[in-house]
Structure formats: C-alpha cells, structure tokens
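First comes the structure, then the notes that go with it.
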C-alpha cells in the first residue's frame, strides 16, 4: 500500500539545513518521508531518541528497542541527539530529537486539499451566527443562532454547533462533531470526529420513586490549545461550566462528566472516565482506562497508572496505581507479595507443623 | 464567560412562592440563576442538601462539603430542607431540596430556541413514514420506510432512523443519533448525540476456521422515560429484543450488548459494559466502568461498585465490588488485609525465627 | 412488540430440506422465525448446541442452560446436533448447529429495503473519486478527492470519506461513519455506525513545557472480512499504517491506537483499548474492557480475560487475566488465596499465640 501524493523530496543535506542539524556523512541521498528504524526505506529518514528523554506518551517501552535495531535499519539517514559510532549512514545531529522529528514529519506530510474557505452551500448556518473571515464550513453542517466562530477555524462536514456556542481562532472540528448550546472553545482547539461536547450530565434525584434529571443550565469551556480525540463525551455543567484548561490533550473515547475542572497541560489517555465535579491540577497524567470517582481533587503533576480506580484526593506529585488506587510504591510491594501468596501460604503451613511438633515434644515432657 | 440570554429574573419572595417554600429573611433581592454554595453570585440562589438524603448520582462525596461552606457563600439566597441558624441571608425552606432545585433550575434555564415543528427542508423522510403532529425534524435527517414518530417528538440534525423503527411521544433524539431498523422507543425517551441504537451485536461462530456473524434478526425496545447519554451503543438482539426497562437512565459511552434485558429505574454510569444476554432486575445501580460477563442475572436493587468485573449471578439487594466482583463487605476485609500484607509477611518471618530458636532449644535438650 | 414484515414462511419439512437436516418427527408445522428455547413461539424454530462446542463469543455461560429448558420450550421445532430422546416436537438434526442456525437466521431475516444503487442526490461526491458499479451512496455523504470505492459497496447516510482513502468490494459502512484521508479498506469490510477510522493518535512530545503533537503522516489498513462495531476509534499511524488483519472482528467502543498491528481472525470485545504500536498475532481473543499498554507483543492464539491490564509481551497460546495480567492458572491460585486471606491472618495470629506459649514454657524451664 503506497501513500499517494508524496509532497516533498529533499536531499539529506537540504533536510539537515531545514532542521538546523549537524550533518555527519554523505548529504546527497534523496529523502521523501519519515519512518521508524524498523520500517524506514532507503528514501526515508529514521530517528533515534537519545538519553535525554523528553518524549511523553501513553507508555515507556518504546525507547530501549531503538538503539539495537539502528545498525540493521534500511533508512537513508537518521536523526539523532548524539553521534553514533560505526554507523555507515548519514546522521543528522540535533539538540532535540522530538522537535526535529515533528519538523521532519511536517515537511513530509501528505499533501491534503484543505476544506475551502467559506460555507459549503449545503450547510445550514443561522443568520444571527457571526462567522469570521477565513472560516471553512463543510457540507451538512448545522450552525444555530448566536454562534460565533473566529478567523481561520474549520468546521468539517456533518458538525452541529448549538445555540450561542463560540469557537475561537484556528480551531479544527473534524467531521460529525456535535457541540451543544452555550459551549465555548478558545483558540487553536482541535476536536476529532464523532465527539460530543456539552451533553447533559448524569445527575438524577430520586423523587417519589423515579429518577428525575437535574437540569444542566451550565456550559462547557475548552481553553486554548486543547486537543480532544474521537468519540469523546464532555458533559455540560449543572451550574457554571465544565472546564478543560489550556494545553490539555485528551485521547479517544474519554468521558468527562459535568462540572469537572481540569488544569493546564494534562494528558488524558484513551477510555479514561472522570466523574462529576472532579478537580485536576496542572500537568496531571491519566493513563488509559483510568476512572475517577466524583468530587475528588487530583494535585498538580499527579501520574495515575493505567486502569487505576481513584476513590480519594491525590496530593500533588504523587504517583498512584491500582483499583482502588494507592501510592505506586506501596502498590508494587503489595503486588509482589500477592504473587508470593502461594509461597507464604506454604510457609505458614510448614510453620504450623513445626509448632505442632514442638507442642507434642512439650506435651511429652509433662 | 457569561451565559447569554438570561431568561428570567425573580425576587427572592417571588421565587419562594413559585417553589412553595417558606421564606425566612428579606424577600426583595433579585435572583436570575442557580449556583453551588461555592460558586453562586449575589443574584444566584444556592442549595443545601439536608440530612434527609434522597439524591442519587454516581458518587457520595458531594454532600458533606456543603454545610461548612454555606456561611462564606456569596449566594443571594439559599434553598434548604431545614432552617439554618445564624445565617445572614434569606432562606427558602422546602420539604424536598432536590425537587425544589430541579424546579429552580427549570425556572432559570437558558432561553433556547426549540427546533421548529415540521420537517427541515433538507431532511429526507420516506413517504411511507408516519410522522405525528408537533414533531420537529432537523436538517440532514434520514427517516426510512415504515418509521412512525409520535406527537411532539424531536429528531435533531443528522439523525438516521432505520426502516420500521418507531418513536413514541415527547421523545428527544439529539444530533447525529443513529437508530437502525426495527427498534422501538416508547414515550418520553431521550437519546443524546452520537449514540447508536440497534447495531449488530458481537456474536460469531467459528466455522471452518473463520468467524461467521450470527445474523441479528431481533430488535431493540427502549421503554418510557428511558434516558441514554452520548456515544453509547445498544446492540440489537439475535432473536427477540434487547430491552431497556422504563425509567432506566444510562450515562455516556455505555455498551449494552445483544439480548440484554434491563429492568425499571436502573442507573448505569459512564463506560459500563454489559455483555450479551445479561438480565438486570429493577433499581440496579452500576457505577462507572463496570463490566458484566455474558448471560448472568443481576437481582433487583443490586449495587455494583466502580470498575467491578462481574462474573456470576448476583442476588437481589447485594452490593458487590472488585474484579472479579465479590460481596463488598468481604472485599473490603480482603483489601484491608492486602494492604497489611507487608506486615503479615514480616510477622511470618519473625515467627519463623522464633520457631527456629525453639527448635534449637529442643534439639539441645536431646 | 411484533416484528414487521415477516419475510418467509416454511413448513418444518421445507426448512429441514433447506438446511440439509435430517427431520425427526412431523414436518407439517409452519415456521416463520428463529428463537431461543426460552423465547421461541410455536411458529419459531429453536436450536440446541450440542457437546461439540464450536461457538465463540464473549462468554461461556450460555450453553449449559439450554438442555434443561428444551422440554418446556414452546418452539415449533428444534435444530440439534444429535437426537434428543423423549422430545415431543420435530427435530432437525444437523452436523453443525451453528452453521445451520446462521442459515436459518438468514432465511428468516427481516425483509429490509436495501439502499438504492447510485448516489443519493444530496451526497457530495468529489469529481475525482472513482466509484465502481453497484455502489450505493446514501444521503448527506461526503466523499473527498481521490477516493476509490469497489463494486457493490454501500456507504450509508452521513458518512464522510477523506481524501485518497479506498474502500474495496462488498463493503458496508453504516450511518455516520467517518473515515479520514489515506485509509484503506479491503473487501467485505463492515463498519458500524458512528465509528471513526483514521483519527490522529495520542502522541505528544513535551517541548519547552507544552505538549506538541507528533504529526501522523501514516494511514490505516483494514483487511478483508474485518468487521468493526459501532462508536469505535482506529487511529492512523505516525509512520506506515495501523493494520487490522483479515477476518478480525471488533466489537463496539473499542480503541485501537496508532501503529497497532493486529493479525488474522482475532476477536476484540467491547471497550477494549489497545495502546500505540502493539503487535497482536493471529487468533488472539481479547475479552471486554481489556487494556494493553503500548509497544507490547501478543502471540498467536493468546486469550486475555475481561478487564485484564497487560503490561508485558505474552507468548503464543498463553491465557492471562488480571490487572496487571498474569498467567491465568497462577492468577486463579492467587485469587483463591486472597479470598482466604482473612483465614490465613487468623491462622497466623493463632500460631503466634501457640509460639508464645511454647516460649513461655521454655522460659519457665530456665
């Protein structure tokens, strides 16, 4: 399967210059894409993450495997943070491999036709909506009364934007996103396909034997540079707003309930569920499938391991795992002992027998 | 961020009258919204949940925090179940705080323009569909042959309603909901955005080395007053129907598999997964991220804790937690002992040494 | 609730002939549908799975309950793998009950009107798209430049197909599916409603205090006979492709992250999350709500129990459960001992007292 529309071809030397890299070796080879050490072909550049690890994603197993494979790689050149000895291919030495990788990927990005500026003729845009210059609105979009959209934002096909919601500058809403009424997106916000923003939360009161919905008069505020994956749900608040702080990134299929407040630059991995009125500080990392009970506070910089179930407040900087979640050091000690339970059980039995023998000896003496 | 279109302004006294509340204090202040004790401003009314707790939601930490904060609150007035002494703001004393809160939220709900009655001209409605009076059908909706929709229901933009499906009175389907063929919704059903009703379930037979789909000839029945969150999936049955009983409420991102039968007034929190052919009684509560294996029965009034994994039938009234789920009392005892495992391990080692010493003493005597 | 449009009526004898079954008993009754032993009426045929179990789905509790109920069943006839003694209703004896069941369900499937061949006039199909004969494209579909769709595929209402993506023959995309650019579907692929294919993965680098997205230049490859449920997310690759191998089946609300490679004929149940760059062999079974950390390898034929959290590579043929996941035999032993922890704790205390008494006796002798 080949990717259509290769957009760019550069020599190794040209690429080194564009990346501000020190070139070691022959600069004449042709590069037209980026690959991993394992998969890159002769016209692709691969990358080696060095010891100064500044890469953040959902896991940590990725890096150790790279170095051993680099010498067998078919890649036409490599980007690295430090010179690799005895390597018979060109090296582009950079200060920050991740930044160079992002730049290289942008250089060799597939050549896509952007959605045209203006309204697709099929879109249904309310007269009272205020749509800035440079905005592109796709086919079969519905934009209700009082909506405002800032310059250069893109609202792809099939999106629905509810009454009085606002979208800032340079936002990108992918196909079939639903934003209910009174939701507010800052600038440079990305929301991927089929995500729902501003649904009514799960808040009921049991009145005379039936669950009655507590009306959700509040909204949602999504601040600048927030990026939200596909098929997520961000519920609106009962009062005030559900808030996602600037720079926070949210993976796919995540549930963020009513009145949750999330700080800056958090990372929230796939299928996480955050219950109502939780407060997260800045720089919090929630790994995949984590669940938080309602009304708890998670301090700045907390890291919560995959599938953890958090039932209590967590102080800043703590690392917790497990369900119910506890401090990770304590948890790993307990997990170790759980694996040793069969042995402990055996030891207990043996000890019991030894005590029996001692008791028998003692009895004999009487 | 201010909410546009405040719809209503009342004096404290007027609001007390509308809520049937006893007014204590000055009734002349202006109220235009509802807030929490922590967030309400001087023109908002806050609420205090009293000791007669009848609030049901996904968690229980919410209430204890209220009373301590009430005296510092900026709220212009409070709704409470009993008089609070030494409070220098007007109090509206009601029998049921939750009911009064719901009423107050409805009074001060944001003023939204309803979807107009009739068909948006872009909607594609089959000629054989029978659409009652007062139904509103949004833009880019597809309604297939044989569909019936009862009076005053709303089908928002982008919904797709499959052949021969029926929707009762006063239902509300939000944007981009997909209902497949032969699904049946009662009256007063709410389905939020991007939810899928009637998808084919995950039932395969391994025949000659390949997984062959078992055709799903059945449908889905969703009874009166059921409310379903955003981005959920309710699979159709292989035979008969997947059934969600009256008054049951379902949060976001929930998976309900083929042939599941759910009773009345259940609460199913976010990201729960219910496998094929499970039977749930009435009043069952499943907290967030719970999973049920297939073909089990959950009795009336069972409460299943967050992230529990249920592998067996659960008798009526039981409370279970953990994965695999067991009775919560037993589970909490075991969890307590697990946390004490390091100590138990140490005790076992010390005991072993003491026995060694006794054995040595015994040996010496021989 | 009766299903409209019964499509077919056969006598028991006619049905036996169509299924290639041996008929035992009276062949004159009328059959118009398939049901379970518990629910089938007098005009429906039920089925009994025999001892040669070849049924694969998310659980295993289903079968033991059948035989005891068969004699009370109201079914007009039964399909079985071997003759049942003393049963006063007609039996259709077949070699493979599951294959016969699938055939019977197909015979009695509800009579649905297929989406018409050709483009719905509302669909927005790029001129450069190459759409084969026999393709049906529903209302409000968007098909971008360079898309190719093979013969007899169906793209239902509201789908969005991104630039240069390709769809093979006999595929079926249900309503509101979003396929981003440069994604490639083989033949006979089914994708259910509201699923997202080709979203950008969750890969960020922390650069100068902000999380910067790693551009995802790669795509998604979905091979022949793959079936994907509703509201799933399959992320595109950073480099190369995210790949789902032929014959693999994926349930609802599943997250498959960037650069994951899945083999042939795997079964991936509801709400599973597979993190970035995982490699799964052939015939792997992941039960509901399983999570895999990134960059691990799962061997051929591995079975992973519901809610397991897998942190390490798993060798071919292994069966693991738990979070963190371990070999299921070991895990069940540990779980058994955990349930015995209160007893072990008591034994340890009693033993400690017995040792104390021995020590006291020893002291007395000195």
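Observations on the structure shown:
Each chain gets a letter, A, B and C, in the order it is written, and its residues are counted from 1.
Assume contacts are C-beta pairs under 8 Å (C-beta built on N, C-alpha and C of every residue); 3 or more make two chains touch, one makes a residue touch a chain.
The structure displayed is predicted, hence computed values, not measured ones.
Two copies of one sequence, subunit A and subunit B, touch each other mainly through non-matching residues, since under half of the numbers at the interface are common to both. Rotation relating subunit B to subunit C, from a C-alpha superposition: 120°, rounded in steps of 5. With centres defined as mean CA coordinates, subunit B is found 25 Å away from subunit A. Listed for subunit B are residues 122, 140, 158, 176, 194, 231, 253, 271, 289, 307, 323, 338, 344, 348, 351, 355, 358, each touching two or more other chains. The touching residues of subunit C, when paired with subunit B in their complex, are 1, 3-5, 33-36, 39-40, 44, 54-59, 61-62, 65, 96, 98-99, 101-102, 105-106, 108-110, 112-113, 120, 122, 138-140, 156-158, 174-176, 192-194, 225, 227, 229-231, 247, 249, 251-253, 265, 267, 269-271, 288-289, 306-307, 323, 335, 338-339, 341-342, 344-345, 348, 351-352, 355, 358-359, 362.
Residues 122, 124, 140, 142, 144-146, 158, 160, 163-164, 176, 178, 180-182, 184, 194-196, 199-200, 202-207, 209-215, 217-219, 221, 231-233, 235, 238-241, 253, 255, 257, 271, 273, 275-277, 289, 291, 293-296, 307, 309, 311, 323-324, 326, 330, 333-334, 337-338, 340, 344, 347-348, 351, 354-355, 358, 361 of subunit C are the ones touching subunit A in the complex.
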